[in-house]
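When the chains are written out, they are named A, B, C and D in that same order, and each has its own residue count from 1.
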Amino acid sequence: MKVGVLGATGYAGQELVRLLKRHEEVGDLYLASSSVAGEDYESVYPHWSGQRVGILQDENVPDLDVLFCALPHGLTAARTSAFLARNIKVIDLGADFRLNSAQVYEEWYKVKHPASELLKDAVYGLPELYREQIRGQSLIANPGCYPTATLLALVPLLRHNLLQTNYLIIDAKSGVSGAGRGGGLGTHYAEVNENFKAYGVGNHRHTPEIEQELSRAAKVPLTVNFTPHLVPMTRGMLVTIYAAVQPGIQEEDLRECWKEQYEREEFVHVLPLGAWPQTKFASGSNNAFLQLTVDQRTGNVIIVATIDNLMKGAAGQAIQNMNLAMGYPESQGISGTALWP
Amino acid sequence: MKVGVLGATGYAGQELVRLLKRHEEVGDLYLASSSVAGEDYESVYPHWSGQRVGILQDENVPDLDVLFCALPHGLTAARTSAFLARNIKVIDLGADFRLNSAQVYEEWYKVKHPASELLKDAVYGLPELYREQIRGQSLIANPGCYPTATLLALVPLLRHNLLQTNYLIIDAKSGVSGAGRGGGLGTHYAEVNENFKAYGVGNHRHTPEIEQELSRAAKVPLTVNFTPHLVPMTRGMLVTIYAAVQPGIQEEDLRECWKEQYEREEFVHVLPLGAWPQTKFASGSNNAFLQLTVDQRTGNVIIVATIDNLMKGAAGQAIQNMNLAMGYPESQGISGTALWP
Amino acid sequence: MKVGVLGATGYAGQELVRLLKRHEEVGDLYLASSSVAGEDYESVYPHWSGQRVGILQDENVPDLDVLFCALPHGLTAARTSAFLARNIKVIDLGADFRLNSAQVYEEWYKVKHPASELLKDAVYGLPELYREQIRGQSLIANPGCYPTATLLALVPLLRHNLLQTNYLIIDAKSGVSGAGRGGGLGTHYAEVNENFKAYGVGNHRHTPEIEQELSRAAKVPLTVNFTPHLVPMTRGMLVTIYAAVQPGIQEEDLRECWKEQYEREEFVHVLPLGAWPQTKFASGSNNAFLQLTVDQRTGNVIIVATIDNLMKGAAGQAIQNMNLAMGYPESQGISGTALWP
Amino acid sequence: MKVGVLGATGYAGQELVRLLKRHEEVGDLYLASSSVAGEDYESVYPHWSGQRVGILQDENVPDLDVLFCALPHGLTAARTSAFLARNIKVIDLGADFRLNSAQVYEEWYKVKHPASELLKDAVYGLPELYREQIRGQSLIANPGCYPTATLLALVPLLRHNLLQTNYLIIDAKSGVSGAGRGGGLGTHYAEVNENFKAYGVGNHRHTPEIEQELSRAAKVPLTVNFTPHLVPMTRGMLVTIYAAVQPGIQEEDLRECWKEQYEREEFVHVLPLGAWPQTKFASGSNNAFLQLTVDQRTGNVIIVATIDNLMKGAAGQAIQNMNLAMGYPESQGISGTALWP
């Protein structure tokens, strides 16, 4: 199988390279970078020294079986139909194909959608929730990191009508690698270290993606409060979710729902009672961890979910989607446990 | 003035020493430690080398004007009436005098209150909210760190009936110094670094303290969901609060309420529109920073507040209370801006 | 193949478990812990949830092909001859079999060696330097982390007599995981974070191990100054080495010597000119990275080497030794590049 | 007294502002920035909110008593004679006046010195070593951070001829704030965190400054190996120094020499036997901490010194120099102990 990566020197791109190099079905790798085409991958990333990753290509995409697009939103959508016409399966780690509605896209991203006619063909690539729709697909929208953690926690509970939908709070926390490799004060070590802050309060672009998928699960349109925060750490993501449970529903009903959904899943783990997720449980792996409790005093459920933002939140899930699209075992190349400590 | 500290080698105790050493009204210092009495302070904390802090005493308290108790809950309450009888003002950084109700204390702390008869004499030492009650007082309950940040944000808004009281979410994040100097896996560097987690979900002991003070402000009993998290940093605390606004109330009304409350305060700062609090803004200072936005889509307000957990959340506020109790200028010894970066 | 680990819940032990679980030749795993025998591995380390690692055993070792001992020095040496008599190959990650001389061991470790008669049978397990001696061996002393990084850099240069031996400075820096999972102030997050210090100055126990192997390479007895430091990070180790070059020797001679030694090695990489090692290059991998320059003004060479202290510095190298001892491909189960970022 | 700062929004500049705002002799502050002139200081640094620091000025310097220049090398030297002609005392935190020789400056900084005629008038502003020369001076070169830590440790020992001068190794480690507020990959959180590296190996520009002052102390020209490293922390600096002691000299002689030099100093502390410096001992303070041991096996002394790179290594020492130049008590505005933890 020939596989390519556009944006191969970003953090998600480099993580894809790491995973693809150890995937047994992957032969030739086409790695492209618009900014450093022509340079040796090892000079960009010396930790690859001696591994013969090769020279970075420009974005003239050759014939491939699968192409991963790890580019900022808007940059590849316009070229996607050409890729599809050449029978190249496209897995987009950007935002262009995640929203069903070009209008919602334009509201939140402030640009016209470059290929709205393709939206109906794209599948939302969250395998544990939409596995059958992903198999064999040619255009897969890899979910955002925050939506992945949030949807794994909430979608089963909403599908079974266990939660009220009018007051959903998603308080999210991410490591800095989620901001990408671009510099500036926002990622300067001395401004991030020993510091914690909220950002994008009330206007983060993962909001409509979360709302779309939660509304689909609940079969009613709903809105959420989604507040991301920046944690002084490199990798990892944790979401704390607050919702009111439906009358008569107990903590055990919620846990049972999760267990039914996930008991045969390799990557999603409901922790034993009393064990709460930590981001480090997932670090370097494609795993997700879930826990919840119902506060009897307020009648609300408190849910915590964690993933590695670059793995299950980006590159790992993208490989999982590739495996489904190509008919390989779903966990090929992405099995394994977190690096600890 | 003669001042003493019980628990002078814990993190809050050492911070008190730092502040008291530079306070112009403080003469002799009595510093006690149950675990290392007899040792030189400089051998416990070599960064004090050459500063002649002196030998740590046992807990036989001499005659003093003010005694700070920085001990775990339950350890000094039984001795407090004796201190008061000797005309020693007591500022308790522990939890023993924060709750008005001995019964609530016993529910959450699982021990009988050691001196419930004193509860009616204790004042809750949050100067920006209860300044007049604190002046000249002899028994001051220094608030918890999480309650301080939360109450500064919410009390004015609830006093003016601007928020609904039936769905209050307090998602809180703290640096590790809040856990104290005791060791164990929970504070082991390799288990905390590059990690983020929730803890005490649904049962943290600052919950009843928050509820007591919010109920008092709202003049109705209310409950909250309070979830603390551990941030991989040493100092700092940030709370993100979600609430429904009362019908007809706008974002500007909320900001106006804050400004009226705090415009003459030295330590509490409402940030300009668009600037959101970061824990580092407060680090090493007694300052608090506030910001909010009303999400038009959900009708909820999102509030962020930050303090330094060891300063405004502990030792700094304790000095502020001492100044009020003794009639000194309120900011003496605790003025100043954060250490940056 | 049946494999066991004594000390399976320490950091090196857990890393062994991670590597053994993905090693294709490893069947049954015997995992022992003296402190938490009887507990489920997943309750000690919840990131293993759902992976069925099993119950921790006591130290009654069953029949095995290979036993890894990841215990403090002195705890298994006394039992080693019994293991060997049962045809169990022993790979000791502790210090008991690293020094050839029981007398030197006793000087530095302050205890009598528990099994000095076995010292002559043990091989020093640094595969890139002693590969042929390790093949098929039954008792392998896995090198210390600091010695591994130091010896990879210096042994080839001393074997070829390129450096003077009378002034060797090894200034070493390690992440906190090297201190193990034990608690206490020395590993407390708030005392380590935003802090950097030297420790064990002039008396660290890796000194004689380094001197033994460097003397062997130089064929003269030599001493070194070895100073370890603690870096506020979890994983990683870097050594900066200073030495005077022999008269007439140029920088290029030193690089050439390294290249000859390592050009066919999978795990040891001499970086291109101008690229200097960073600990993160090795993090999570079994790789080592080297660089040097000769300062024309002083005539000294400055060498920098980095490894992951838990991989090439402990568990990864131990698996490499197992592969050599058992006749498997040397890199089986330990290939791969660092986790970045 | 009217005081100004050029470069008031860099890290050293902001630290100067913090110190000047609490200095009792300082009245009006002129704060200039070439990049953000016209902006409110509080909008650049929101932690100053409510403190009325004022609007940032352009670089048209008004009449002042003292001007601090916290600019990159080369930017203010050309204007210095004009400042001096206006009776403005100049304290330069940059490198332009630290080297006595314009030729050495040009070798290391690769530009012609902009005002070599002033070099003879500048005094090297390390008060504990050159106090009398600094008093009343008008042009003070504030030392580099690495030189400050190194010279405090070595100058007294070399002045008394206790060390050999032919093999001096200075292995230095700094927090990230030393790199300034400029962005880029080199200070990106995800590339610095959980990482440790050497940089500027063999060619760092603090080398000639160190050599100049050590040669002056030893009264012979000497060279050193100076290797800086980047520590994943924000503040702090530690140097580990290796040297051969002169024949017959004992550890106690070296300690005695330090004690004589520093026993009356407020800011330099020789730690008690067995206590080794940690960067956190100095963090946020103007203090320096020293310790040493002589390794009997190699005959070398190992010295460790620590300072806060932004305080004693930059802004704190600059204020100390201002106090000496103006005749104020030397520690005014910069007393105090580290922030701990």
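Keep in mind that, in the parts below, a residue touches a chain if its C-beta (ideal position, glycine included) is under 8 Å from a C-beta of that chain, and two chains touch if they have at least 3 such contacts.
Remember, it's a predicted structure, so these values are computed and weren't measured experimentally.
Asker: Identify the chain pair with more contacting C-beta pairs: A-D or A-B.
Answerer: A-B
Asker: Name the chain whose C-alpha centroid is most distant from the C-alpha centroid of subunit A.
Answerer: The most distant chain relative to subunit A turns out to be D.
Asker: Please compute the C-alpha centroid of subunit A, do the same for subunit B, then give the distance between them in whole Å.
Answerer: Roughly 38 Å separates the two chain centres.
Asker: Using the average of all C-alpha atoms in each chain as its centre, how far is it in Å between subunit A and subunit D?
Answerer: Subunit A and subunit D have C-alpha centres separated by 46 Å.
Asker: Please output the residue numbers of subunit B that touch at least 2 other chains, ranges allowed.
Answerer: 11, 175, 177, 190, 193-194, 232-235, 278, 280, 341
Asker: Quick one: in the complex, what on subunit C touches subunit B?
Answerer: Against subunit B, the touching part of subunit C is residues 11, 175-177, 181, 183-185, 187-190, 192-194, 232-234.
Asker: Tell me, which parts of subunit A touch subunit C in their complex?
Answerer: Answer in residue numbers: 11, 14-15, 18, 21-22, 42-43, 45-51, 177, 193-194, 234-235, 269, 271-272, 275, 278, 280-282, 284-285, 287, 289, 335-341.
Asker: Give every residue of subunit D touching subunit C within the complex, in rising order.
Answerer: Its residues touching subunit C are 167, 169, 171, 173, 175, 190-191, 193-199, 201-202, 223-225, 227, 229, 231-236, 238, 240, 242, 244, 276-280, 283, 293, 295, 297-298, 300, 302, 304, 341.
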